[in-house]
Amino acid sequence: MVSVTIWNEYIQERAEDDVDAVYPDGIHAPIRDALAAAGHEVRVATYAEPDHGLTPDVLDETEVLVYWEHRAHDHVDDAVVDRICERVYDGMGFIPLHSAHFSKPFKRLMGTPCSLDYRESAERERLWTVDTGHPIADGLDESFVLPETEMYSEPFAVPEPDRLVFVSWFEGGEVFRSGCCYRRGNGRIFYFRPGHETYPVYEEPVVHEVLDNAVRWAAPRTDAPVARDNSAVEPAE
Amino acid sequence: MVSVTIWNEYIQERAEDDVDAVYPDGIHAPIRDALAAAGHEVRVATYAEPDHGLTPDVLDETEVLVYWEHRAHDHVDDAVVDRICERVYDGMGFIPLHSAHFSKPFKRLMGTPCSLDYRESAERERLWTVDTGHPIADGLDESFVLPETEMYSEPFAVPEPDRLVFVSWFEGGEVFRSGCCYRRGNGRIFYFRPGHETYPVYEEPVVHEVLDNAVRWAAPRTDAPVARDNSAVEPAE
Amino acid sequence: MVSVTIWNEYIQERAEDDVDAVYPDGIHAPIRDALAAAGHEVRVATYAEPDHGLTPDVLDETEVLVYWEHRAHDHVDDAVVDRICERVYDGMGFIPLHSAHFSKPFKRLMGTPCSLDYRESAERERLWTVDTGHPIADGLDESFVLPETEMYSEPFAVPEPDRLVFVSWFEGGEVFRSGCCYRRGNGRIFYFRPGHETYPVYEEPVVHEVLDNAVRWAAPRTDAPVARDNSAVEPAE
Amino acid sequence: MVSVTIWNEYIQERAEDDVDAVYPDGIHAPIRDALAAAGHEVRVATYAEPDHGLTPDVLDETEVLVYWEHRAHDHVDDAVVDRICERVYDGMGFIPLHSAHFSKPFKRLMGTPCSLDYRESAERERLWTVDTGHPIADGLDESFVLPETEMYSEPFAVPEPDRLVFVSWFEGGEVFRSGCCYRRGNGRIFYFRPGHETYPVYEEPVVHEVLDNAVRWAAPRTDAPVARDNSAVEPAE
């Protein structure tokens, strides 16, 4: 059982009819329900709340942060970005979804542009597990299909992942590194590509399985502190 | 200018009409011509020669070994496999092509089964460069097409590559890590997936570009010896 | 609770007085006792048994194999080496200790010479955790000391580790990558440097902590099969 | 021949007598002379100049940026940090030295705190090459000594390096990952630990050798653009 916060900008669901039609209770709702059903303790934070929902208290209780954003990348306050990164360095897991590849916290943690090409055309995506031994792939078939997705294409401007778990095939001819593991400080990061605001990707049981596995994998493993400052020390010898 | 040996089992071209029709002078011939035209010094070694063509003298003169085999995996003498691995540890580059994924030297250097799934159906393959800054991708487009290939599918049972350069998309729905870089000892290894004995993949100019880049990248960079045995030493301090 | 087999050649303890003096019940004894006290199910296998103690039945019940050997590298039958590697590909954890760096199974899984320099002079070793977030470092101090060890020095002829957990400092002026994580197939491998047959390294509580963490980390995470052979498949699309 | 800019804050040499005594012409001077003698085209930029010396014109002409800073981390304008990172993504090499581990550009590119422990006590450092096949180690001995250095100790809060080239041993009992290679976008980054403002580390011939090798290694290899923005695309198929 992991203590999870789903952080959703929660903007398009309330402003756009076609998004509301697919996710009437917010994009976070099916993710919350799935993770709760898997036994996790789940809370939801949204941008409309103070500190965009991520007060120090909320983050202190969060073992893994699952993140959706799409429209409001530049809206997020740098102090909140700093706070998230600090928590990641201390061991909080971080799971940015889909368009959160271009979010401030993910770009900050990667140190790269994190750009890609895309196409919104409701096309079929097949995800292949290339790292069969990885805990995030536990229980999955060798490959699985999402019938209608937005395409994301390489080159994806991220650092080479520590472990590459999934690679996507798209109907239109593209591929993408769709499940990428990183460590920053003590925190485990899993970027998971699938998702869209007008395709019901987050209703897919296989996506729920991946997210459950990812939350378990990303949970903190150690209480070791990660220093922020340089310290003068006496000889160890 | 790199000193290259193309090592070809050279069996099917002489025994099977449909292979002879595509590669009448051997699969090594178009590779040899392309690398020679790119300025390299190229020799060819085949299994019919003593030591399967790889005598100590040949290997001593070889900076990069490009390798095709398909039918005779188990035919290769272990002493020759040892000899190749020793040279790789000392810095020789090694570029196994396509079905050489299941060759003795590649499996020995990887330490894994190196198995995969395949389909011979002359289907379209598009290779995407996922590591745009890699020397092996120099001068290439973001993606390029091979019109008729044999499909290879994940999971590919190799260690996580040091650098992943290309990922393939196949018409039939599969993906593959098609350009994988490794180091073993001082030697650089580049596994390149495309190729087949009855599709003219090795006549493609873009494949020649990749192989030229790969040969330059895999050439030895250092004369530092890699020890074979454990040695007792005095304190360094 | 993990099902552990400690595989010990168990030769020097019975043949050499100075080894018997330090490990009268075998080098496996303090490791067995420590892992059992940590809650694991532990059995011991030795070279004197049929199949050097690693029959298919024993390996089938083994989740993690901890391995000591020193004198009898070349004595181990290749069929047993094959059997171990197959089990690692399927997910069995493998923890070679100290001089097992030169064992057949470790060299086979690494694909490199695995050589190093050494010095037997009972000198102080300090291990530094360079990957503070790694589960194998859980609960440890930033660095810890072993008062009398055999020195191992770089360059250590292994592939670049997937994760480097510990780096050793030696009194005599050397360093060593003393905790190296690898994956081969689904199996997790942790090479741990400390240990010696005439220094009581395996009596140290901190070494017991590391081994307990390592056994937990290396336990199988998935039932996904890793194929051994290439298979022809129909289009996935 | 590589076009190199040495970027030096150039503050302590002019303000502190003990620094001036060791580097009367600036810390950049012996580095500049050594790289020029090695055949590179070298210019120097300092913080006193407009844009801290790194105008767009200067960066456009720079293939590799070598960087010393110590006192003025927070002084550097974010717009200049952005400009450096953009150039790195496009392929410029970046070689931060010693205390530049805590500089804005390095921290931005790493995405981590980059903190460490230190001790200024003129103690002996021995660097071991752990990656003997790496171009940056070309021509070096297995290990080499710097007689008087400032100690830096693990844990060093950086992402796991793509390649670890050097590990340092310190007289006082510590170790450090002293030569770390990364890629960000198309740019190659080499963090090199040795150096200090009051010990003549940059007068050491072996340090000149490393810097020459590093400059050659970090030089741009490709003109492939790295996108900054997400683009909508038509199907590739």
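As written, the chains take the letters A, B, C and D, and residue 1 is the first residue of each chain.
Rule of thumb we're sticking to: contacts are C-beta pairs under 8 Å (C-beta built on N, C-alpha and C of every residue); 3 or more make two chains touch, one makes a residue touch a chain.
The model shown is predicted, which means the values in this text are computed figures rather than measured ones.
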Cα-superposition angle relating the copies chain B and chain A, to nearest 5°: 180
Of A-D and A-C, pair with higher C-beta contact tally: A-D
Chain A and chain C, separation of their C-alpha mean positions in angstrom: 35
Cα-centroid distance, chain A relative to chain D, in whole angstrom: 32
Multi-chain contact residues (two or more partners), chain B: 126, 129, 132, 143, 153, 155, 160, 162-163, 169, 173-174, 183, 185, 226, 236-237
Residues on chain D engaged by chain B in the complex (per definition of touch): 91, 124, 126, 129, 132-135, 137-140, 143, 162-163, 169, 183, 185-188, 221-222, 224-226, 236-237
Chain D contact footprint on chain C (complex, rising order): 126, 128-132, 142-143, 153-156, 160, 163-164, 167-170, 173-175, 177
Residues of chain A touching chain D in the complex: 85, 89, 102, 108-113, 115-121, 153, 155, 157, 159-160, 162, 171-174, 182-185, 226-237
